[in-house]
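Shared between the two complexes below is chain A, which has chain B as its partner in the first and chain C in the second.
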Partner chain A sequence: MSIEKGRISGSQLLFMFAGFVQGSALLVDFTIGITEQQSWMVILAGLVMMVPFILSYAALAKRFHGKNLVQINDMVYGRFLGKVLSLYYIFFLSMTLSFNILDVGELYKNFLMPDTPFIFLLAVFAAACAYAVAKGIEVLARVSHLFVITGIFVIVSTFILLIDQMDFSNFLPLFELPLIRIIQGIHILSAIPYGETLVFFMIMGRLNNTERAAGYALGGLLIGAMNLLAVSVRNTAVLGRTQSIWTSASFQSIRLIDIGTVLTRMDFLIGIAQTILIFFKCSLFFYALATALSQLFGLKSYLPLILPLAGIEVILAATVFQSPVDHAVITQNAGIIYSSPLIYVFSPLTLLIAKIRSLPGHERGGGT
Partner chain B sequence: MIFLLLIYALIFAVTAPGLIKRKEWREFAAFLVMYAIAFGLGLMYVLDIPIPSPMKGLQYLISDKLGLKYPQK
Partner chain C sequence: MRKKKGVTIAVIVLCVFMVFALSGCLGGREINDLEIVIGIGVDKDEKTGNVLVTAQIVRKQAAGSSPGSDGGGDEKAFWNVSSVGGSIFEAMRQMTHKTGNRLFVSHNQVVIFGNDVAAEGLQSYIDFFLRAREMRPTVLILVAEGRASDVMDAKPDTEKFPAMNIAKLVKTYGYTSHLYKVNMKDFSECLMCSEKASFAPLITVSDNEGSKDVFVPGMAVFKNGKMVGKLGHGEVRGVLWVLGKVKSGVITVPSPDGGGKAILEIIEAKSKAIPEIIDGKIIIHVMVEVELSLSEQTTAENLATVPAFGKIQDASEEVVRKEIMAAFKKTSELKADIFGFSEMLYKKYSKEWKSMKDNWDDIYPTIELDIDVASRVVTTNLLRNPASPKEGEK
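For the complex of A and B:
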């Protein structure tokens, strides 16, 4: 039984992947304090490291065509262990969604609308995501290219406007950081912007053709990663070593745009682009969470759970961290460690077990 | 508090009648469970009752008890 009837195409998957990774552009800041001027290297290394795992997601989607993660877990690990694993996955989705809603709240509270009550910002944003999710995955997929184009436009235009203020000697010296900090940076990057694409386990089952899923997923990941790279290069080239002292390096660098005293205060561009992209990312997380829970409960539709889930996520977002510093410290340690088994272990393991047990056996459908 | 009650009354009014009319009892039960959790958390937030953070618990377990953490700068 499927709780979602919508179908998405390969090219829509590509844009969804790209928009999803772009939605993490502000989260590159988590690594800046650790990897400083070498953040760009960590972005590329994290991308290379995640490629085999993304391929394993696509291979699972192809092998279990039309099935979502909860169904795959039940088939591979059995009903009990499969449900336990699905609960772990649902916990990850729920927590990560609350962090992303919190990111939007902090963005508005710190930079755009400081006098508006924090809980109101969170509630309005969650309600907008709930509305998008209620419309179904097809609607989100159909507009995904618009989100990606908006994100690329803002990054390219701000990059060009800041070129005269860039100093590429800010990237020197290379390879001076201790190895452990590089490893932590790669872990953060691979777990947050790239590893969170785990959410597509609940979406790839809706593909109308899984034959080229891996190519589309990797293409989208590459577009998203190039955006993160451009953001990191821009911030380092403009701000240099001072980038680690700002609350948001992206906002600070954009504030330096001053073209003939006419084009100034362009930080609203980042505000608009990030709101749109995090909205897209949160909607995908919300969709995955609602469908995974509905599948776990054996429901016919995920729609009844949307509004209560939005209420839970708003309170989680408002209470999960005491401060932005608390947010950064926990995310850089426990936050990336607790999700590591899901990102790096279970998808290849599931694929291996499925191959050994020749799953899904006679139920296995074609890839069309 | 009034906003909370109004919002949750609205959520119930929007979702529950359709489920009852279509006799989707399993969906209705799942909705009620999630609704009760959401309302309970909302009430605790409004009444300033501390809500335990799952991430604080994980931080304690992973970093403090198991010692799994990256060295600080």
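For the complex of A and C:
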């Protein structure tokens, strides 16, 4: 039984990966306080560290062609343990989606629409994501390249407009910070922008050809990571040591654009780009959550779950944290701990067990 | 069919609600209800010791008239409103008792701190300007030699708004390079580094036959956010040579025959400062390259000759060297590392820096400067020879 009929191509997967990682551009700020001028290194190190795990996702998608995460868990761990593990994944998807919706709300509350009721911002954003999810994965995949191009355009244009204010000595000294802070930074980076690509477990099953899935996934990850790197380099070069004091380093650096006193107040650029990219990321999260839940409950379609889930996510986002300080501290500490086993343990473990048990074996091509 | 109709109605209702909620009109304020602030002054209130904030507000009705028409009190295009509070934010909100509207600071150009506030330290005053959503990080910072509120009242006849005039004075620093524009972001960066000093343009009011003018006599030097001294025009340019911020300016040197002066314009200046530690001694190698033009001469001698150019270039290099040394001497007396040598050392010698960090104030004056200036006169502008009798005709 398949709850989704849509199919995506390899190149669409590439753009989806890239757009998804780009959607975390503002989350790079999480590490700035810890890794300061060495944040760019952490972005690259996190990327390198995540490569084997992304390869394990692709290997699973290839091995269990046409299957999604819940189906794979059932096949590898058995019905009971598989369901428990799937519930863990669903918890991760649900919490992370609500955090991302909250990020959008905070972005608007802080910088763009401070007087609009917070809950309304969250609800409208969730409704937009729900609409996209209801259209199916194919529609999201078809427009994914537009999201990526928009993101790249904004990052490149702001980089160029700020080039006269960049001081590349801000990256010095190169190896100053204690190793423990670098490791913490790498962990945050690999768990948040890169590790969240776990959602593709629910999407890669829709690939029409899984042979080159690993290449497309890694290519997309690389494009996304280069975007994060450009954002981090821009912020450090422009803001220097002050980059750690601002609520959003990206916003602050863009507020400094002043070309002949004419090209100023370009905040809207990042507002538009970030909204589009987080929308794309949240839609993929939402899709993964809705399909995983419907698969778990054995529903024929995920569509009836969309609206109730949107409501739950909005309520979670609005109530889960007392303040933005809570949000940052919990995401940086607890958030990456609850997601770590899923990112670093279960996907390689699932692959290993599947290999040992020669799964899917006779079940290959069959449903659960 | 009925279900589809219900969904359509729900979508239409939702869209109507969204039009009201997301159009931005919730936070919309009409221009008539805005008190547009273009300059802010911060002083200490002499009576209470609290903060006295003066905001320069655009008077929209008068703003459209020509600059010459605002001589009279009632015709001014601006309105300076003052208010006292325990903090800057409190004082700003107290102002609504006088203005009737909340102040709109998004177009603010300058923040001027009074001398008393600067001496006390800007650390406790600057937070609001960095944190406020409407405030731009590109807002310029200045320090008044007296009270900020006095500065905000003085302007030339050609300008309508004192704050705009002050911002213009600072933004055009490049004509002389005797001052430098410092914005909120730059200043906050220096506040975060306890070893590095920062500076901000000084501004003072001069009485010019009854009318008040403003004038920038130099820069105020800050250490850990507190004003510790002042730099004059030459000293400021000495700092800017090292920082590579000299845009243009005038260098005057004696003419080779000693009968007059050669006045040179700085066309372009580049510099590089590289720290080096040799046997525990800190040496900063400063390399300055200047391109000059002969803009004026007060002697009849033809200066557009190879030997004369050589002498003029040598003399101009000496001027640059002297300005740098004067700036270093002054900042050594103040123990204020305005050049950012501490940061250069931290970036290049981060291990050694750890042992220097705590004694930096004592180490700074012992630094040796190795200055290498290379100047080149690249043009004589429209004259090849001065308008004077030729050699044989004298």
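Here is the rule we use: the second predicted complex is superposed on the first by the 364 of 368 C-alpha atoms of A that agree within 3 Å, B and C clash if a C-alpha of one lies under 4 Å from a C-alpha of the other, contacts with A are read in each partner's own complex, and residues count from 1 in each chain.
Simple rule for what comes next: a residue touches a chain if its C-beta (ideal position, glycine included) is under 8 Å from a C-beta of that chain, and two chains touch if they have at least 3 such contacts.
Everything numeric in this text was worked out from a predicted model, so none of it was measured.
Student: Where does A:110 make contact in the superposed view: on chain B (first), on chain C (second), on both, or on neither?
Tutor: Second partner only.
Student: Just checking: does A:328 make contact with chain B only, chain C only, both, or neither of them? Give me first, second, both or neither.
Tutor: neither
Student: Under the stated touch criterion, which partner chain does A:258 make contact with: chain B (first), chain C (second), both, or neither?
Tutor: In the superposition, A:258 contacts chain C only.
Student: On the A-aligned overlay, A:51 touches which partner chain: chain B = first, chain C = second, or both, or neither?
Tutor: In the superposition, A:51 touches no partner, neither chain B nor chain C.
Student: Once the two complexes are aligned on chain A, which partner has more residues of chain A within touching range, chain B or chain C?
Tutor: Here the partner covering more residues of chain A is B.
Student: Who does A:95 touch here: chain B (first), chain C (second), both, or neither?
Tutor: first
Student: Considering only the touch criterion stated at the top, classify A:312 as touching first (chain B), second (chain C), both, or neither.
Tutor: A:312 contacts chain B only, not chain C.
Student: So, does A:139 touch the first partner chain B, the second partner chain C, both, or neither?
Tutor: Neither: A:139 stays clear of chain B and chain C.
Student: Within their complex, state which residues of chain C touch chain A.
Tutor: Touching chain A from chain C are residues 14, 18, 21-22, 24, 26-27, 130, 133, 136-138, 185, 188-189, 192-193, 346-348, 350.
Student: Write out the stretch or stretches of chain B touching chain A in their complex.
Tutor: 7-8, 11, 14-15, 19, 24, 26-28, 30-31, 34-35, 37-39, 41-42, 44-45, 51, 53-56, 58-59, 61-63, 68-71, 73
Student: If we count contacts the way the header does, which residues on chain A are in touch with chain C in the complex?
Tutor: The contact residues of chain A facing chain C are 110-111, 113-117, 120, 124, 127, 169, 172-173, 176, 239-242, 245, 252, 255-256, 258, 264.
Student: Using the touch rule from the top, collect the residues of chain A that touch chain B in their complex.
Tutor: Interface residues on chain A, with respect to chain B: 33-34, 91, 95, 119, 180-181, 184, 187, 293-294, 297-301, 304-305, 307-312, 315-316, 318-321, 330, 332-335, 337-338.
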